[in-house]
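Two complexes follow with subunit A in common, the first pairing it with subunit B and the second with subunit C.
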Partner chain A sequence: MINFIIKRILVSFVVVFLVSLFVFSIMHILPGDPVRLAMGFEATEQDVQRVREQLNLNKPLVEQYVLWIGGLFRGEFGISIAYHRTVAALLQERLPRTINLGIPAMIFAIIVGVGFGIISALWRGKWIDQVITLISTLGAGTPQFWLGIVGIYIFAIGLNWFPMQGYTAPNQDFALYLKKAVMPVFCMAIVMFASLARQTRSSMLEVINQDYIRTARAYGISEFSVIFRHALKNALIPVITIIGLQVRVVIGGSLLVEQVFNIPGIGTMLTSAVSNRDYFVVQSCVLIISLFTVAANLIVDVLYGVFDPRIRLARG
Partner chain B sequence: MMQNFNAESFKQFLRVFFGRGILVQISLVIILIFVFSALLAPILTPYTPLEQDLTQMFANPSAAHLLGTDNIGRDFFTRLLYGAQISLVVSLLSSVWAGVVGIILGLIAGYFEGLASSIIMRVIDAQLSIPSLIFSMVLGMVIGQSIPGMAIAIGIGAIPSYTRMVYGMVLSLKHNDYITAAALVGQSETKILLKHLLPNCFAPLIVIFTMSLGTAIMVEAGLAYLGVGIAAPTPAWGVMVSEGYKYLTQHPRLAILPGLCVMLVVVAFNIVGDGLRDALDPRLRGKL
Partner chain C sequence: MEQRRVLEVKNLKTSFFTPTGEVKAVDDVSYHLHEQEIIAIVGESGCGKSVTQMSVLQLIQSPPGKILGGQILFEGKNLLDYAPKSQEMRRIRGAGIAMIFQEPMTSLNPVYTIGEQLTEVIRTHTKCSRKDAWQIGVAALEAVGIPDAQERMRNYPFQMSGGMVQRVLTATAIACRSKIIIADEPTTALDVTTQAQVMELLLSLVEKYKTSIIVVTHNLGLVTRYSHRVYVMYAGKIIEAGATEDILMHPWHPYTRGLLECVPNLTEDKERELVPIQGAPPRLQNLPPGCAFKPRCTCVSGLCRDEFPTLRRIGPNEHWVACHLDAEVSQA
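Right, the complex of A and B next:
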């Protein structure tokens, strides 16, 4: 088990290293001088040169890379040319907002997605199964930004149940946070919900048809116990993988959802950084996002090993 | 199944594919309408997508303007049709290009163990740690926001699904006797890869290709909506949603209709992909 975890951690490091090379090289592939582009053509040559030195852009490539990574370890992410602030300060301000919506979205997607998947499998072919399958098929193909806009049109403009846009921190005014969070959380969750419902349904159906489930039933074990003690445990193993894979989808979706609901989180910051060519923000944001997904997948893989000794033994 | 392709297996394929219910048939119709609108856009409408008529701003649907006009009097139906054209071009270009690169990488990584394989698969892992929307957005920044540029950027985001599938297939097949036999009689590695291993991936490749058409349309719309993809005034559906959003209260159709088009087409490709998977090879269920 220890071997397996160490191996997985090493692989994660390699992955993060490759991502860091990717985002680092992007800045150097770009035609033109990123500092000049970001500061505009009215900036004087001295100013541009000063910022260039400040950002270590006058040093050789390898040294730049080492300095950048070293800075990351000390919590220095460079400065945002567009916002005139350090990226660290921006992250500190914006990351909690994205997390405060992203985590509830994932929890919602997991509970409802797995729950619907189980219901769907148990009542296979019945109307409830068909309704859930239809919802998850539509959910997987719905553009999240569009869903948000339709939601605003119906629930904010039409029914006036929720505010149209914006974000309030939960520790500031929890009731207002909830009111503003309902629609964005739902939109962020929809894609993950859809794939979890589908995966849970199909792996549940697969498990229910296995011999040991029939044996359990033949022994007269109650249906509740057969489903929740014997079937679900095995059916959930592939579902855990999907949860790991879907973390990146939720993060990607946050870009769209934050834009629709005008939430000043990481997503809107990254989007505007790309349009403003604020490269240092792009670099750090992409690296941090990939750290999140790599960590999520690492946790999922380790959990996988804990839940399923077969995998632990095969991979260890 | 696709290797010994014959009339009987084709009938079987059609039976399973269409036997999946009305949704598959509706989806096929949606895809057909989508493709025809894209191809025939110039014939289907007397207007051009950029032509403004400032006397007709926010006109309601009428005989002259089937779906009305937008904020600067451009015919909305025309813009939707040309939007289909952009979605079709971007999704086809990106999926074909992703398919070619992804298949080659998967064949190499699966057949030749060792350094090449580890490098390819780790790079794919690294790419998968970045959400594909963000990955394509950052690449688009480098490549440029033209239609071909976006197709390349979106296509690169789609490479991993092809590579991983082909890699898995090749790994599981290459120790079969017929591969060993082909190597023993002196067939070249290229020939073994292309003639003996690749055809086995045909069924899952069709499924992945269908699905990736839908995904590409979705990513393209997302990037256009964010303003970092194909930019206004080009009538991409995502651009239209983002422009229409400003007038949501008075003229909801401007934002809602283009998004509805994205949803219908993406869902249709997903349903057809599911149907193809079950009809081509039921064993793939749960894997793709």
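Right, the complex of A and C next:
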């Protein structure tokens, strides 16, 4: 198992390296001059050239890439051309906001999605199953930004239950944080929730019909243990796969959701940085997102082993 | 000598309600089991053998299945008085009547060790600490002849062979002091040498623990060697019953005779041809009146078409048959 984890971590490094190479190339292939965009067209060519030199943008691409990667190892992410600040400072300010919404969204999606899936399977064909199936089908098909806009219209403007937009740090005013977080968290979670509910339902239904469930019942095991000990552990194995896949959907969703709710997190910064060709910001954001995704997949791989002894023992 | 009956099933009826109609899987079946007896329930696939046994423990999935009537008497109680999910019914399962299933490789939970599964069942039925349950489990595994029982408790089912898993299930029944073991095709998925081992094991339990055993099988070779009495099922009904000797030596029902004719025999004349029974068991929906076996029967008379033959006693022993044939024709 330890060997397996080490192997997976090494592979993860390769993935992150490839991502860095890819995002660097893409950004530099895109037309548009970040310095010119930042300084405006009134700036003289000499001024622009001077800033370029400060940012090492006049050096060959290979050298620029090496300088960037080298900086990363020293904790320097580069300087934002548009914000005139170090990317490290920007990240320090914005990353917690995205995490404070994204992690609750994932936890919410996992707990409620798996829970609803179990309920749906146990009461298969009953009204509760149909309601959950309807919600998860709609959830999987509804664009998150649209849901956000409709949510704002109904719950913020119409009912005045929640603030329309914005973000407050939880350590600043927890109640306000909660109030502001409800809608964006829900919007980020909906797609993950929907696919988890569907996967849990179908895999639960499949497991319930297995021979070993019949055996458990035939030996007098209580129905509670049959469902939550014997069936659930088997049913969750494919669900874990979906969790791994959906992590990036939540991260991707946060880009849109942050726009809709005007939350100054990674998402809003990344989208504006792309249009500003703010090289270092885009590269760092993408790299961090890829780190999260890779880490999530690593956790999923380890969880497989925890849940399924066949996998654990095969890995040696 | 009239022996004590540990299990008596009376007029059991179980149906499945499918979109295309009612399937009478078990139709008015009665049988009993004496203390320390091995009985066999024989028939082709789809005759309702397994459904009958699943009904005894009320493990029929509902819907679509439903036990429509009858009595299942065990330890002076009618099990059908209990709801399938009731506490009382759960106490019977495993500790009163235990089942061993056909597919050993899929009948244990793949994500828990043998020890975890065994101790959970033990602790369901007896109040004891985790440690004591573990010890009872080890002892039970040793009792069924599993070497390195301590070690095996930590194994997962996929690390064991089919025969071994059958033994684990048998050990579970022993650990809970089950009075009756129902073995549903216990040997079908095993290779020949393991088959004999599993049967010998069951036989030894009868001696050691005074267990009574019901073997559900289509393997008549197994029947002859181990069971005291045989019930032959066809299309959800018992069509012949009696002592093993009577059934083998003087089979009455053409179906029973047909089953015997398809059994290869090493000691016999090699020239004897195996005669398969033509056709397949009928679908149990909208069965026409009369004998269910008539489309495949070699000696149909006019009576077979209109009237269902009821079980009647023939000969001096407890030999019963549901067939319109009279003695001369049958013995011919």
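By our rule, the second predicted complex is superposed on the first by the 304 of 316 C-alpha atoms of A that agree within 3 Å, B and C clash if a C-alpha of one lies under 4 Å from a C-alpha of the other, contacts with A are read in each partner's own complex, and residues count from 1 in each chain.
Everything that follows uses one rule, which is that a residue touches a chain if its C-beta (ideal position, glycine included) is under 8 Å from a C-beta of that chain, and two chains touch if they have at least 3 such contacts.
This structure is a prediction, so every number in the text was calculated from the model and none was measured.
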item	value
Combined model on subunit A: subunit C and subunit B, fit or clash	fit
More subunit A residues in contact - subunit B or subunit C	B
Which of subunit B and subunit C A:93 touches, first, second, both or neither	neither
Partner chain(s) touched by A:23 [first = subunit B, second = subunit C, both, neither]	first
Which of subunit B and subunit C A:307 touches, first, second, both or neither	second
Vertex subunit A angle, Cα centres of subunit C and subunit B, expressed to the nearest 10 degrees	80
First (subunit B), second (subunit C), both or neither touched by A:53	neither
Which of subunit B and subunit C A:216 touches, first, second, both or neither	second
Which superposed partner A:63 touches (first subunit B, second subunit C, both, neither)	neither
First (subunit B), second (subunit C), both or neither touched by A:230	second
Superposed arrangement (fit on chain A Cα atoms) - minimum subunit B/subunit C Cα distance in Å	14
Those residues of subunit A which subunit B touches in one complex and subunit C touches in the other	none
Subunit C residues touching subunit A - in the complex, by the definition given at the top	57, 59, 85, 90-95, 98-99, 101, 103, 106-113, 120-121, 124-125, 156, 158-159, 169, 172, 176
Residues of subunit A that touch subunit C when the two form their complex	210-212, 214-223, 225, 229-230, 233-234, 307-310, 313
In the complex, subunit B residues that touch subunit A	23, 122-123, 125-126, 128-134, 137-138, 141-142, 214, 218, 221-222, 225-228, 238, 241-242, 245, 248-249, 252, 255-256, 259-260, 262-263, 266-267, 269-271, 285-286
Residue numbers on subunit A that touch subunit B, as the complex places them	11, 14-16, 18-19, 22-23, 26, 29-30, 137-138, 140-146, 149-150, 152-153, 157, 199, 202-203, 206, 238, 248-249, 251-253, 255-256, 259-260, 270-271, 274-275, 277, 282, 286, 289-290, 293-294, 297
